[in-house]
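Two complexes come next, and they have one chain in common, chain A, joined by chain B in the first and chain C in the second.
For the complex of A and B:
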């Protein structure tokens, strides 16, 4: 069963998204979060080392899917992956999914034991699922 | 061309850079308030504070690559905002450039900046004229490469880098942002100097000051 990492500029947002996702997944799926800067929980930003620790926290052989919010969270996540040993790096994936919808969908599918690529595909499909019934 | 820049001179350069950024915190904040989220000054000051602590530690490696790598690690975690991963990547990649162990010559300094620039472009996906730090660093590196090819003296090479970086920084006033938070403003970003291009300019300003002075012997 894959693990999930929630990356956000805000520690509060990361924790909130983790909470929403965990509600879908029960206790079985490892979901960790890396939000805000080290030292100062109030400061907004992302930190590659925090992301690295979050990956290690939920690491499993099936892989880890990372879901990011805006802007530099992607760059920080890329740096975190580059710091991993090759063996682990190729089992980690950065998702293009929207953070909230993606995390919820990914948690649900991860809890069903689906593989990394499949979980990511359904999470990314959340990008094209309209929120309002009469649109799209 | 025989001038060697030691790890200790690189340390002096980055201490000087950190001090220059801290002096200019309000200026960077002002620039970023106009077209961004007003955090570049604060973020850079925080990162430079961490860098100063790191550079003033007693135990320091004389090895240029390890030195640059430790600078990168400090900046990745210390700056916050988009500048953290960008400056971090710049120095992380610079640390993989060729050295003589505990020193570099002007050719290698130029390569170091070139490696950093390439890393930055891969990470941030920005091109010239996107109104980013690339608009300062790319012309500076190209000016160094041209001055090297023309067999200029170290002082001339460093002055060329500084001048090109300055022109590049000023050029960001005229162009529209296509990357980063400022790109949300579209044409409204024209008329404002880019904060990242400004903080990057100080890399070359302080390099010209420190390496020209210490390299005279």
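For the complex of A and C:
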């Protein structure tokens, strides 16, 4: 079963998204968060070392999917991956999914035991699944 | 990206097929009807199709957590399973997708038409009906 890492500029947002994802996943999926800067929990920003720790926290052989909010979240996540040993790095994936929807979907499908690439594909499908479709 | 698109849109065609079946078989009554199931032919090209109408009973409607249970249950079956919100006149969505399921915006009292096709369609509908 894969692990998930929630990356956000805001520690509060990361915690909230993690909470939401955990509810979709149940207890079996490891979900960690890396939000805000290391020295000041209130300061907005992303930190590669914090993300690295979050990856290590949920590391498993099946792989780890990282879900980021925007902008430098992606760069920090990339740097975190570069700091990992090759063996681990190739089992980590940065998702293109939107953070909230992606985390909900990824958590649910991870809990169904689906592999990394499949979980990422369904999470990224959120990009083409509008909230308001089919209403009206 | 092919995956993304295939998750959202292709079910429209197949819904039409599902919808026609129960309606043509029963004088306008769209209620759950195990008796309208056709005997399952061994031939894969004629897989059994099942449908049922369920009413949302939860005062908070079909929300994320109840949706999660629907997706979990639906995912146990091979059958292709869709739902349309009859009360909103929506098109059918794939209920193995949580984001499509919550697109139905189903409130308490809304009626959903479930449709399943595939070898375990009947069991899928049976398992899902109690979750709404």
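General observations
Please note the rule applied: the second predicted complex is superposed on the first by the 133 of 136 C-alpha atoms of A that agree within 3 Å, B and C clash if a C-alpha of one lies under 4 Å from a C-alpha of the other, contacts with A are read in each partner's own complex, and residues count from 1 in each chain.
The definition used in the following text is that contacts are C-beta pairs under 8 Å (C-beta built on N, C-alpha and C of every residue); 3 or more make two chains touch, one makes a residue touch a chain.
Keep in mind it's a predicted model, so treat the numbers as computed, not measured.
When the shared chain is aligned, chain B comes close enough to touch A:45, but chain C does not. Within the superposed three-chain model, A:56 lies out of touch with both chain B and chain C [touch as defined at top].
In the superposition on chain A, contact of A:104 is made with chain C only, not with chain B. Of the two partner chains, chain C is the only one touched by A:125; chain B is not. Legend: residue contacts after superposition of the two complexes on their common chain; A:15 is shown touching neither chain B nor chain C. When chain A is checked against chain B and against chain C, the one touching more of its residues turns out to be C.
When the shared chain is aligned, chain B comes close enough to touch A:75, but chain C does not. Touching of chain A by both chain B and chain C, each in its own complex, is seen for no residue at all. Per the touch definition, chain A reaches chain C in the complex via residues 20, 23-24, 101, 104-105, 108, 111-112, 121-122, 124-136. Contact residues on chain A toward chain B in their complex (touch as defined above): 37-38, 43-49, 71-72, 75-76, 78-79. Considering their complex, residues 1, 3-5, 7-8, 64-65, 68, 71-72, 75, 85, 88, 90-91, 93, 97-100, 103-105 of chain C touch chain A. Of all residues in chain B, only 39, 43, 46, 76-77, 80-82, 84-86, 88-89, 92, 123-124, 180-181 touch chain A in the complex they form.
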